[in-house]
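I am attaching a structure below and will ask some questions about it afterwards.
Chain lettering (A, B, C, D and E) follows the sequence in which the chains are written, and residue indices restart at 1 in each chain.
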Amino acid sequence: MDVFQVVGPLVCTYRHPGMGNLPLRVLRDRKGKLQVAVDTIGSNPGSWVFTISGSAARLALDDKALITDLTIGGVIDFWE
Amino acid sequence: MDVFQVVGPLVCTYRHPGMGNLPLRVLRDRKGKLQVAVDTIGSNPGSWVFTISGSAARLALDDKALITDLTIGGVIDFWE
Amino acid sequence: MDVFQVVGPLVCTYRHPGMGNLPLRVLRDRKGKLQVAVDTIGSNPGSWVFTISGSAARLALDDKALITDLTIGGVIDFWE
Amino acid sequence: MDVFQVVGPLVCTYRHPGMGNLPLRVLRDRKGKLQVAVDTIGSNPGSWVFTISGSAARLALDDKALITDLTIGGVIDFWE
Amino acid sequence: MDVFQVVGPLVCTYRHPGMGNLPLRVLRDRKGKLQVAVDTIGSNPGSWVFTISGSAARLALDDKALITDLTIGGVIDFWE
């Protein structure tokens, strides 16, 4: 699982139906690489989180009709 | 999920049957890396999109006989 | 899906049974990175192709007892 | 499977329910890249381990309601 | 599928039960990156092999209770 800092929400009104109204977050890793993840636990900008990728990211959603390849797994208490 | 800018359509007449007539797009990330994705929502060249990879990309297709490993998940309203 | 140029066939007589007699191709991307893919559509050296990775690569094979993680999805009409 | 050195436990009290109380470890590869993995075998800081990624990481958990994309597969006897 | 040169066996007595007694090999790619793979076909140090990753790696094992994310798919006859 990768470690990222939350940048903020991703505004995306025009979506694939499989994305539903899932809350999306822009994340940045230590080298500046950006990723987009589904956030079902409510993270805040500036927080460090770890993410679950692949089919496990999808299993983390309650509604099995929804799709994602990256979901936030937890907010890290202390990081660096 | 990764973020890309749409370059344009990919013309590919000679395909694996599992690709059907899926509309394909050439995408470029911020570092210039190119990828090919299925576009089921109708994105335009120059738009920034985020993509769904892996088995979730395939679940985003209505016809379960079709295959892909990358599908456009949404058009980003504002990016950089 | 990634874009590669076909280098040529991969000769590999000593294989895992799950590879069967699948035709294998050596591919090279724009930066010189090499990969091996199953080719079920008959690509030629020098052609540019795009590839399907992960579980979708396996679903692209007719015989479900065979395994792969990369299958050629199509020959690109024009590339660069 | 990748090879990492165990840095130590990851303290993360605010988690997705799918993470349960799984013990998490911060891992570092030879180039300094950090990853988070589930540790079900009890590794110690400083040990070199190899990790299982993807859907196999999840199958390594006894409770199928739990999710992960990286699980420690074994402690390497000698490394470098 | 990636191409690697076999470095040698990986000695790992303390394992996750899902690894069983699977024979493990340390592999090195052309840039020096190391990976660990299950070897069910008997490769020798110095040989060039190609590997199968992801869920296909697991399907390459006879015992479905065992897990891996990388399995050697074949020994390449000639390489470079």
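Methods note: contacts are C-beta pairs under 8 Å (C-beta built on N, C-alpha and C of every residue); 3 or more make two chains touch, one makes a residue touch a chain.
What you see is a predicted model; the values in this text were computed from it and never measured.
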item: Chains in simultaneous contact with chain A and chain E; value: D
item: Averaged-CA centre spacing for the pair chain E and chain D, given as whole angstrom; value: 20
item: Centre-of-Cα separation between chain E and chain B, whole angstrom; value: 32
item: Junction residues of chain A, two or more chains touched; value: 54-55, 57
item: Chains listed in ring sequence, where chain C comes first and chain E follows it; value: C, E, D, A, B
item: Chain B partner contacts - residues on chain A that touch it in the complex; value: 10-16, 18-19, 24, 34-37, 54-55, 57-58, 67-70
item: Residue ranges of chain E in contact with chain C within the complex; value: 1-3, 30, 40-41, 50, 52-57, 59-60, 71-78
